[in-house]
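The letters A, B, C, D, E and F name the chains in turn, as written, and every chain counts its residues from 1.
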Amino acid sequence: MAEALVSLAVLLAGLAFLLALWRFLAGPTAADRVVAFDVMTVIGISFIVILALLEGRGIYLDAALVYALLSFLGVIAVARYLERGY
Amino acid sequence: MAGLLDIVGGLLMVGGTAFLVFGGLGLVRMPDLFNRIHAGTKATTLGTLLTLAGAACLRPDWGWKLLLIAVFILSTNPLSAQVLARAAHRIGAAMSVKTRVDRLEEDQGA
Amino acid sequence: MIKRVIALTLLAGLGLLFLGLLLDYRPDTDLNLSARYYAERTAPDLGAANIVTAIVVTYRGLDTLGEVTVLFLSATIVGLVLALGRRRGQAPAGLAPVGELLTTGSRMLTPLILLLGAYVFVNGHLTPGGGFQGGAILASGILLLLLADPLRHFSHGLISAVESLAGVFYVAIGLAGLVWAGGFLDNRILPLGDLGALFSAGAIPVIYSLIGLKVGAEFASMLASLAETEEL
Amino acid sequence: MVDISLIAMATGFVLILIGLYGALTNGNLLRMIVAFTVADAGVNLVLVSVGYMRGRTAPILDSAVPAAEAVARIIDPVPQALVLTAIVIGLGVTALMLAYAYRLYEAKGTLDIAKFSELKW
Amino acid sequence: MILTAMTLFLCAAMIGAALFAVLGRSLPIAILAAGLVSLVASILFLVMAAPDVAMTEAAIGSGLTTFLFFFVLGRVRRGEND
Amino acid sequence: MTQARHPGVQFATLLLFWILLNGSLAPDVLIVGVIAAAAITLLLPGAIPFFGQFRGNRPEAWVAAIGYFTYFFKELVKSNLRIAAVVLAPSLPVSPGIVKVRTKLKTPMGRLLLANSITLTPGTLTVDLDGDWLYIHWVRVESVDIDKATAEIVAGFERYLEVMYG
């Protein structure tokens, strides 16, 4: 039962990733793409957690930890570029 | 009783990823950048939190690390959204025609 | 146009080569000899739970020393190249000010990022990660400081002191392995301890922490020399 | 069912080709560096996929994979150790290339390699 | 089974992002697409049971690479405005 | 803006996070954690600890903290349901705008938490924070009047945060 639900979760996360990817490819401005990029990183964290569950290895969570703490740096770097911060 | 916890965990994960889908849908359907940031930030934050909670139900021994991931997401996600929204406003990102009022623009123009 | 045709021809050849490789490739079903050796001997010989770390730090420790040196050289060259074109006395005009929230957020999150980096390289022998990842995370913490304050001045003295001290101790531990254990960078100069404890695997955590500090300092010096291409 | 490592290897090869195509045909230095990073990711992907074996898990011993079962349960750790450092070195190389590109831009006022005329004859 | 499906999906997304990075018209968008390639690559490394490599890619691709590119791009843009 | 330093709180916070990261209380973990936390505390004197400026010495602050988290998670769920409703509606019922509201909070941490909470609650997104003024992007603008909008958006969180951080 739980297995089937987790598989369904993978499919839903993949669908969300696909929607965000569509926004990334469609644009229209760079800022829209940055939003889509941010969303995809967070979906990536979910992917990593689900993978850890599927494989049964808790050590995979460390990668999710790194993304959770560092993914906003990329967004801030782009945002500061857009507003001419450096 | 472990079976019940498993099912609750699975349901939480499905619910969380469903919110992720709503976020993605919002990203696609919303009319302008700021509304997209809304959909993206809120939906992914809660979606990921629910996914983490589901994982914690399925594997209670991972609880502390999942809690840390949740704390980090809660503190970084809104921050990046805010910085991006500020930058977008400063460069004059196009706003939807439905926009009724823009007090920040008025104050900066003054 | 002619350039594009030549490029496409080259790539077509390369693609055929790749296709041949791909079609001939049969995934292994069992570990090959060296991998089997590492899988069997790492835990009893070196006491490290993460076999990748054991390979990077001990079995192929000399290569890692070389890689750290390559990084050091590239950081130095970045600094030199950028120092040549440094423009003095020009205040960058029209820089967007940093919002208060980003400033507060960076003051809150930088210590956490540095702590995560320390966790990653101290636990290199138990969990995924190690000196290279931890060093990159440390440098990301420095990057957050830089993003929150683009005109911040970093202490080059501190960065290069950390860098060279870590390097000196790294080589010293390697030489100690030559004297008191089986060879250069042998980790058995310290007791192996229990598999899975933080203080285990001999000198591996120490070496990887030093690598982490060194890599972090190298990336930080790259960032600092980029940020200081314009001096006020 | 196609093996995961074959899919990933094919993707890696395609990425190398895409990256090389971009690096060869673009005139802008920064674009060439972007294409280079794409090719870099492709190479890393190919190397990791060589080490993967179906049904096995990561070469890290813990309660899920005790040391006694390691030989039967883990995948080849050597390619991972190689790629690990390759990624970090890749960032160093990227930073170096960007520093050179920036210096070239400051010296010549352009990033277009077609305008760097000293090297032509 | 679910892993294979995930791999196929991620590989397709990765090739799309790579094409976008190389052929896209605007440079900032190309850099963002390269960041996307790095994100997907990191998840793929994890699928292929290489958490160490995935973590390296996460630590480096999430902030440092993007920042380096955009920093140089910002300086070039400032030079063109002068 | 108070610039009070809290090295003790910073050290304790980092040590707490270290223990959570390692998930163990073994003596060797604690020794390394103390070294790492002390080094980071010394290295970054300007940092604000995660729980810094929290008035932990007053009991009512703890009560307010519990109230804050309950309210926050309730609002987070509500905001997501609202987003889902908006996204699924074919007509996409939005009438966005940026309104200006006032905050009474003075400490940086309190203001950061307020802005982050507002970003995660129904239909609001902090765009800028300037002195006492917050600029909020609102998906469905209900009122452009400063006082009314303040009561609508800020008051719920400020009630708790004022006690917690001042």
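Rule of thumb we're sticking to: a residue touches a chain if its C-beta (ideal position, glycine included) is under 8 Å from a C-beta of that chain, and two chains touch if they have at least 3 such contacts.
Just so it is clear, the model here is predicted, and its values are computed rather than measured.
S.K.: Please report the minimal path length, in steps, between chain B and chain D on the chain touch graph.
M.R.: 2
S.K.: With centres defined as the mean of C-alpha atoms, identify the chain lying farthest from chain D.
M.R.: Result for max centroid distance from chain D is chain F.
S.K.: Count the C-beta contact pairs for A-B and for A-C, then tell me which is higher.
M.R.: When the contacts at A-B and A-C are counted, A-B has more.
S.K.: Farthest from chain E by Cα centre, which chain is it? Let me know.
M.R.: Following the centroid criterion, the farthest chain would be F.
S.K.: Could you please state the distance in Å, as a whole number, between where the Cα atoms of chain D are centred and where those of chain F are centred?
M.R.: Here the centre of chain F sits 39 Å away from the centre of chain D.
S.K.: Once you find the CA centre of chain A and the CA centre of chain D, what distance in Å lies between them?
M.R.: Taking the mean C-alpha position of each chain, the two centres sit 21 Å apart.
S.K.: Could you give the separation in Å between the centres of chain B and chain C, each centre being the mean of its C-alpha atoms?
M.R.: 31
S.K.: If you average the CA atoms of chain B and of chain F, how many Å lie between those two points?
M.R.: Those two chain centres are 15 Å apart.
S.K.: For chain C, what residues touch not just one other chain but two or more?
M.R.: 50, 52, 96, 99, 101-102, 105, 108-109, 112, 116, 120, 127-130, 132-133, 136-137, 140, 143-144, 147, 219, 226, 229
S.K.: Two or more other chains touching the same residue: where does that happen in chain A?
M.R.: 10, 17-18, 34, 55, 57-60, 62-63, 65-66, 69-71, 73, 76-78, 80, 83-86
S.K.: Out of chain D, which residues touch more than one other chain, so two or more?
M.R.: As it turns out, chain D has residues touching two or more other chains at 5, 10, 21, 52, 57-58, 60, 62, 75, 80, 84, 87-88, 91, 95, 102, 106.
S.K.: What are the touching chain pairs in this one?
M.R.: Touching chain pairs, listed by label, come out as A-B, A-C, A-D, A-E, B-C, B-F, C-D, C-E, C-F, D-E.
S.K.: Would you pull the chain C residues touching chain B in the complex into a rising list?
M.R.: 96, 99, 101-102, 105, 108-109, 112
S.K.: Name, in rising order, each residue of chain E that touches chain D in their complex.
M.R.: By the definition above, chain E touches chain D via 1, 3-4, 7-8, 11, 14-15, 18-19, 21-23, 27, 30-31, 34, 37-38, 41, 44-45, 47-53, 56-57, 60, 64-65, 68-69, 72-73, 75-76, 79.
S.K.: Spell out the part of chain E that touches chain C in their complex, as residue ranges.
M.R.: 51-52, 54-56, 59-60, 62-64, 67-68, 71-72, 75, 78
S.K.: Show me the residue ranges of chain E that touch chain A in the complex, using the header's touch definition.
M.R.: Within the complex, chain E contacts chain A at residues 2-3, 5-6, 9, 13, 16-17, 20, 26, 28-29, 32-33, 35-36, 39, 42-43, 46-47, 49, 51, 54-55, 58-59, 62-63, 66-67, 70-71, 73-74, 77-78.
S.K.: Given the complex with chain C, which residues does chain F contribute to the contact?
M.R.: 10, 13-14, 17-18, 21-22, 26, 28-29, 32, 36-37, 40-41, 43-44, 46-50, 52, 108-109, 111-112, 115, 126, 128-130
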